[in-house]
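Everything below concerns the one structure shown next.
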Amino acid sequence: MKSNDEKVAIVGVGHSKFGKRLDVSINELGWEAIKPALQDAGVTQKDVDFYSVGNFGYWSEEILPAVTIGEYAGLSCGSLKTEAACASGSASLKIAVDSILSGNSEIAIAMGIEKMYNSPNGTIIELIGRAGNYFWEFENFGMTFPGYYALYATKYLDAYHSREEDLCEAAVKAHHYGSLNPYAQFQKETSVEECMKSKYVSRPLKLMDSSPITDGAAAVVLARGDVAKKLSDTPVYVEAQGYASGTAYMGRRDDYTGLEASRRAAEAAYRKAGLDGAANNFDIFEVHDCFTIAEVMAYEDLGLVKKGEGIQLLRDHQTYRDGKYPANLDGGLKSKGHPIGATGISQAVEITKQLRGEAEKGRQADIRKGRGLQHNVGGTGHYAYVTVYSRGD
Amino acid sequence: MKSNDEKVAIVGVGHSKFGKRLDVSINELGWEAIKPALQDAGVTQKDVDFYSVGNFGYWSEEILPAVTIGEYAGLSCGSLKTEAACASGSASLKIAVDSILSGNSEIAIAMGIEKMYNSPNGTIIELIGRAGNYFWEFENFGMTFPGYYALYATKYLDAYHSREEDLCEAAVKAHHYGSLNPYAQFQKETSVEECMKSKYVSRPLKLMDSSPITDGAAAVVLARGDVAKKLSDTPVYVEAQGYASGTAYMGRRDDYTGLEASRRAAEAAYRKAGLDGAANNFDIFEVHDCFTIAEVMAYEDLGLVKKGEGIQLLRDHQTYRDGKYPANLDGGLKSKGHPIGATGISQAVEITKQLRGEAEKGRQADIRKGRGLQHNVGGTGHYAYVTVYSRGD
Amino acid sequence: MPIDTVLEDRRVLDLRYRMPISQIIKFFEGLEEGKVRGTRCKECGRKYFPPQTECSTCMTKNTEWFDFEGDASLETFTTVEVVPTSFVNEGSYVVAVGLLKEGVRILSWLNTEDRSSIKIGMKMKLKAVKRKEGYYSYEFFSI
Amino acid sequence: MPIDTVLEDRRVLDLRYRMPISQIIKFFEGLEEGKVRGTRCKECGRKYFPPQTECSTCMTKNTEWFDFEGDASLETFTTVEVVPTSFVNEGSYVVAVGLLKEGVRILSWLNTEDRSSIKIGMKMKLKAVKRKEGYYSYEFFSI
């Protein structure tokens, strides 16, 4: 195993307010995350050797956002933009981490950003719907993004004798923690009843099963372990990342109750981190709950429970803060918001805060093992990135 | 310095025919590059640990092209798409190289692809014009991509007492070598007269000063040095990459006769490679000639000659095959074509072929030092990537 | 007069693609003949849908077209209620994934008289259809 | 009837943005008042164009607006002959980068009676303008 000095650690985090942010441009929003990340790390722009920007784009006007953001923020080192759909943030993290592990950088920034409200809702629905397989699914059949996850929800509910009310439990949990997170888009509780009353978007998924349209940015400053030690008393190490790609075409998936790419990514992450799976090794989980069903599948794909048992985990409140597997104590994509390219970095920021013990009142997990797990899916299982973090103690 | 075993080497290359490729979909075009790259390397999809796809997109329908291409090609390992404008290919290379140097992969694919003709010309001109600073340059002033480089051309011609005819010499050279490259979009010679007669696109740049709209794909298979030795008798090592970002807004550049980001990227590349500059160390150059003026500035920004002397290098034919600095013996972006996301990888393929001694008749450089240099610019100096290759002997 | 805090773009970009289908033209010819087709690798036997004329496993173009008989069972489905702007004329629609008896899964619309009767595992028929707009497509039908 | 080898997309996506300008609303107010403005950091003195209300060097919002007098010299220029679709009504136009005497460079259109007389280094005046379409912008004028 690597020593902490040879690893890469997060030494600074920054997170914008998530929501409908028509008060700021994409560059100003980016700065809202980069500035606190630099300050938290105690470094300046000159110290940064590379920065990567996770961004999907299309709905915002700047077509080369990595550079306009970098210009605003005073960054002139090498950079690039990356897209892995809703896992763009994790891809951005991978690039920045590898940039250090490769010896090419000592300090790097991984950020993610999305400015979705710069387009009207109709355009956004259309754009996300195209993020499956355009030619074979969108062109003739008008698939939408909720539509894809609804295909999974239908199958899952049927296969494991679950009800829409069970899925709503994930929304209730998300909103509970969102209400405690000052950066969240929605800061109010909800109930199963309220969720059940919300309109269908794509049956059986309702509006309250769905993450919202969100503007937001998040950034982490990463440093090589030996440098990190000098910059931070509480470095959070990126122990390992696992990744896999699924098919684009839904017909080429062989199962509609879980995401095969997530399972492969998780296995790779555990193997690289030298861990025997997820069940006994983590204090805090961030899972990709773009829809309620996605959270349930994540529990199973990560191996917290067996196939079909994810729904019971929810029913039993075992993924609340005081349960066996505290998950998405920041409100998750569902309540915190889901600015596509920023989500993966927002998850990294959250795990860092949790492992540092800096989460807001009522949503700080009990940290005993010193490890957190991040699960970030792109598209409808097109991409999966699973990342293991630790305090290194 | 690293031993060859610790470096990353190109062990397989693939290159599609460049041009107006309305005979293939983006997935089929991708396969046209991936398949020969795998075959050249003697590996199969299962051996690949990660693949990155350089792509700008917008003009083609698949919004998650990395996954649709991977699905067609049978790749299911982790992946992502990257964009660094016209340097997306070099960004893709960086990601794949770092993925190996970091210890996360043994074998990786870096590819680049663009399917521009899936949109009409008007859309393409509009899209590339937006690739500057949208809010401050496009919205009110309708900047075009040739427009940006024309600002440099005007200043350069004035500052160094050069003529449009001099710039046309770059087009003549490009077409000469393009005529010898079976993968090139244009395979016919041109003349200064013909170039001078072509219409102005953005004064003083004419159609014949400009690279064309191109569909194309290119791929390289990369392996860790010790693995590479087993796979290939002629590995080409990626010795070092230097990168820098410029400003997006033209008004924040401080010089219009060269690209500051190129100069910083070049310095970083030489420093990392332990070389004293470009002038005495390379047998072959690939420079970013999206416009004729860009080639001239590249000579100077790379340090082959002093400021203002690039134009004389052209006049003296010193960048032809038998000159001091053979550059773009594949026809360059100007004649081979410029499929935005593929260009950086196409340059890598070309340098590999040159260092292996496999370039087509009439365009093989004399390889003595065993090193090649690649210069790839994104946007109008937004991004610069400079890469040093060697045979490792 | 106070200025709006959002600048409405005065430039509009229309994205409308032209998508090459030369390599799979037989698929579209099939639709006009009332047939839905996939490809099969003559070397390894792998069946492809979406059809591809080159097998990525064998790395050869040694593939052939074959027609689906259309017998399928329903794997999963959804009714899309909030539809993309470019589909607003369709109302809501049912999208299904069906497993064809040839062992291939296809996503398409499911036509049925009674949406409440749709059940996972039910039998369906895949058919080529001519849409009212004049183009050819393929859809599942309940039986 | 032979089928076209390119499928024309039946779906069209219109991209038209709404761009937040809250933070720089004073710039647009200035245009209406006939003034072109930038920002300046009160701590380090750095001048910003495009204006930004936060200094990335000092990491503070301690900035102020200031008006340009408009005196500029021409750094470089081009005449755009092939224009984007959304500018076809403009004909060709001259784009210039001018160095303002305040030490800031700006890119905008250059208005001149005689395009052949444009020379690098010539004096220009930067002015706020109201476009015929009704919106405000800023342009250089030859003097």
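Going in written order, the chains are labelled A, B, C and D, and every chain counts its residues from 1.
The rule we apply is simple: a residue touches a chain if its C-beta (ideal position, glycine included) is under 8 Å from a C-beta of that chain, and two chains touch if they have at least 3 such contacts.
No experiment lies behind these values; they were computed from the predicted model shown.
S.K.: What chains do chain A and chain C have as common neighbours?
M.R.: Both-contact set = B, D.
S.K.: Considering only mean CA positions as chain centres, point out the chain farthest from chain A.
M.R.: Centroid comparison gives D as the farthest chain from chain A.
S.K.: So what's the Cα centroid distance for chain B and chain C, whole Å?
M.R.: Here the centre of chain C sits 37 Å away from the centre of chain B.
S.K.: Using mean CA coordinates as chain centres, what's the chain B-chain D distance in Å?
M.R.: 30
S.K.: Which chain B residues sit where two or more other chains touch them?
M.R.: Answer for chain B, listing residues that touch two or more other chains: 22-23, 25, 58, 61, 123, 126-127, 130, 133, 135, 138-139, 249, 252.
S.K.: Which positions in chain C are in touch with at least two other chains?
M.R.: 5-7, 9-11, 13-22, 84, 86
S.K.: Please classify the inter-chain touch graph. Allowed labels: line, ring, star, complete, other.
M.R.: Complete.
S.K.: Which positions of chain D touch chain C when the two form their complex?
M.R.: Residue positions touching the partner: 3, 5-22, 25, 28-29, 32, 84, 86, 133, 135.
S.K.: For chain B, which residues are in contact with chain C within the complex?
M.R.: 21-25, 27-28, 31, 35, 38-39, 45, 58-61, 72-74, 117-120, 123, 126-127, 130, 138-139
S.K.: Quick check on the complex: what are the chain D residues that touch chain B?
M.R.: 5-6, 9, 19, 49-50, 75-87, 90, 93, 95, 97, 104-109, 120, 137-138
S.K.: For a test of understanding, state which residues of chain A touch chain B in their complex under the given definition.
M.R.: Checking each residue of chain A against chain B gives 25, 50, 58, 61-64, 66-68, 70-71, 75-85, 88, 91, 94-95, 97-99, 101-104, 127, 130-135, 139, 241-249, 252, 261, 264-265, 268, 272, 378-379, 382-383, 385.
S.K.: Can you check the complex and tell me which residues of chain A touch chain C?
M.R.: 22-23, 61, 122-123, 125-126, 129, 133, 135-144, 146-147, 150-155, 158, 199-205, 249-253, 256
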